[in-house]
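Letters A, B and C mark the chains as written, and numbering starts fresh at 1 in each.
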Amino acid sequence: MNGILLLEQSLNGLQFGLMLFLLAAGLTLVFGIMDMINLAHGSLYMVGAYCIASVAAVTGSFWMGLVGGVIAAAAFGILLEVSILRRLYARDHLSQVLGTFAILLMCNETVRLIWGAQPITLNPPETLSGPVELLPGLMYPAYRLFIIGVGLLVALFLYVLITRTRIGMQVRAGAANRKMAMAMGSHVQGLFTAVFGVGAALCAVAGGMLGPLLAVQVGMGESILILAFVVIVIGGIGSIRGAFLGALLVGFVDTAGRTLVPMVFDSLLSPEAASNAGPAVASILIYLLMAAVLFFKPRGLFPTHG
Amino acid sequence: MTAPLLFVEGLTKSFGGLVALDQTCLAVQTGEIHALIGPNGAGKTTLIHHISGAMQADAGRVVLDGQDVTQLPLDQRARLGLVRSYQVTSVFPHLSVQDNLALAILATDGGGFRFWRAASSERTRYHQADAMAERIGLADFRMQAAGALSHGAQRQLEVGLVLSAKPKLMLLDEPMAGMGPDESTRMEDLLQSLRSTTTILLVEHDMDAVFRLADTISVLVSGRVVATGNAAQIKNDAMVQRAYLGDA
Amino acid sequence: MAKTSALKSLDHALKWRWSSFVLLALVALPDIANACGEAFYIAFATRVLIFALAATSLNLILGFGGMVSFGHAAYLGVGAYTVAVLAQMGVADAWVVWPVAMLVAGLFAWLIGSISLRTQGVYFIMITLAFAQMIYYLVVSFKTYGGDDGMPLLSRSRIGFLDTSVDTYFYYVTLAVCVTTFLLIARVLNARFGHVLQAIRDNETRMQSLGYPVFRYKLCAFVLSGTLAGLAGALLANQSGFVSPAMMQWSQSGMLMMMVILGGVGHLYGGVWGAIVFLLLEETLSHFTVHWQLGFGALLLAVVLLVPNGVTSVLNHVRKEPSA
């Protein structure tokens, strides 16, 4: 087992996990506080990526794109919340699934209308496009290190926001017991909108970060949305701490699984069996993880008492 | 001295640092109406949850009719004859009173794994439901939605559901909760009519009703049964008076 | 303060007058379609019937059992693949292949249900989704059966001397199968099992405390639902002549849920109406514009916000108006 490879895969896992956290944080708060299943969360990620890519293309600067795109996406998220989504808070989960799925379809199609069906390019900034030598023999892309940095920074920011500010306190109270928080004077409507806006901004950041690595295309939100749901179920719905740990766990298992499992299978099974079984097991690894977690802790690792 | 129908021994349960049940012991004889009283927070509902099987204790035993049921889940204890009612009414609000009772009767009438014959065509069960409605004083409301009944009538329906499941032991959690004087009297009459045909363990706050109804009274304070006896004994027990009127 | 509750029945009427009329129209459909020169609609109607069956099988657990399964498409896919794989092995007799498809789907449902039904609420939704994804990825990895691209069905399942490759004949076979299955489902819902299932949906704790082994009932319903979805999948494989992992994607499960919600959760004809409305909308809208999903999404959203109980509630409302 190559130590360098292991380190590289760990860093990849950390990077992916942190980005998943950005998505999961918004999702778990919306679910925990507003008790709403939001299938359109992935659409916020997609819209964010597209906005960032567009602004970057127009201004020629990745950084401008990032700032402009995040603002645009947050605004879009708030608009969505105020106009449509707040009507779904009081409804049952089934109606929320249908309603947000409808929004998902509309977002996909609107993006296709505006930007076309082909993926668009988002290039990483020039300064970060080369590799960095972390250890002798380990070259790691500077951009990925940057993502890790951004991810950790955002996580720290959220931690401070949630645990050390009044707003954060209200958010935690709302996640733990919505009715009580409302009874105690939390300005609920405004809080909900703010939570949603922050969630949308986080999605946009993740979209912008991952855009250069994965493709910026219609439907990019769906596959990562499922992962985000798996993360918050593992972590416990409503818990930021759970989302963080869950995201790292899923990030590591998924990334490592995709490289390590086929390697293990190749050395144990016949080539044909390995080429069939390897990718299959790698893909289902995180679902097995979720099933295992739920078996021992049916409400996730850090259940809040929503 | 015959063996009690229900025997609870050394039941202990803690929630984090809070001790809810502390070596609780209780014995209910067949055919009696046994009341469980105690100040708020004594653990009465928790005890009911443990006897019915909704919760598992940290230690102790629950024995029903000679059989240790401590490890058995809620539905299995119910099949053995231990049926409970809830403090917050738990019926089927969108179904008629008749349908409610028919469902409860079906539980012990061969169960529901039949897939062909229309259930509504089994009129015997619906006649039994009507008879039960009569017995609990809801004959006039047979075809009304349970959710449309008055609070007191719903509580009566709740008792009716428990009865329909042909219980050996009825566990009633505050059957008179939230009732006005007329409704309470009706419920009391209903429970009186059940005397000696069914065994009842009930939790209740209405002291007058308790003293009228109960053959035996157990007093629960801070998770422990501190006194057991008949109405006269309990009324005159100094410790009980202190628990209710003194500094808890 | 007593809350007024609408009185509902545990029984679900087949409404013979209306449904006989619809049935007659369905029987006459191929002749009408051919007369109008629109033979395409026979294949389309076949598809609608298949999804009506699939949606009704989902409604059984979702609407009548209160179990929100987000992985129902997996059972359709399993049924479809069973037919395709058997066809590749040379076994194509419908009397053999379709029951086998149902059995395999039912087996999966039994395995998945045994684990999933131990969870509640959103966790149940997620774990059913997860299991469906697992099956999806498993199938994608089977290169021998086409992997990501899927594989064609060599020929339609044979039924005696009936030439099922003719669309009209296959339509009638599908109609017969779907109608029979639907009648059976209606039968089950009005039997003891259906009553108990609905009562469990309405108040699970009360049913437990009355002594009903609730888990067993839910699992039984889950397996029944999966089995019927497997049958729908077998029919779907025949109708499209093709199976692919895309049949089992979670978006497909989402579509099935849409149908049930659109048509009326917990109403006997909910799945039927949902499939009709959904597929008709999809068909007509896609003629107008390639961006039909936008209008489709908007319509769905409107339905959610304005008509909470789906099409069936609208129909009930409309029928009540004159006599009110």
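Just so it is clear, a residue touches a chain if its C-beta (ideal position, glycine included) is under 8 Å from a C-beta of that chain, and two chains touch if they have at least 3 such contacts.
Note that the coordinates shown come from a computational prediction; the quantities given were computed from them, not determined experimentally.
If touching chains are joined by edges, the resulting network of the protein chains shown is an open path.
The chain with its Cα centroid farthest from the Cα centroid of chain B is A.
One finds 32 Å separating the Cα centroids of chain A and chain C.
With centres taken as mean Cα positions, chain C sits 42 Å from chain B. If each chain is reduced to the centroid of its CA atoms, chain A and chain B end up 49 Å from each other.
In chain C, no position touches at least two other chains. Against chain C, the residues of chain A that register as touching in their complex are 31, 37, 39, 84, 87-88, 91, 93-95, 97-99, 101-106, 108-110, 112-113, 222, 226, 229-230, 233, 237, 275-280, 283-284, 287-288, 290-291, 294-295, 298-300. Touching chain B in their complex are the following residues of chain C: 2-11, 187-188, 190-197, 199, 202-203, 205-214, 217, 220. Within the complex formed with chain A, the residues of chain C that make contact are 62, 68, 70, 115, 118-123, 125-127, 129-131, 133-134, 137-138, 140-144, 250-251, 254, 257-258, 261-262, 265, 291, 293-294, 296-298, 300-301, 303-305, 308.
Touching chain C in their complex are the following residues of chain B: 52, 73-76, 78-79, 83-84, 86, 90-96, 99, 103-104, 106-108, 111-120, 144-151, 154, 161, 165.
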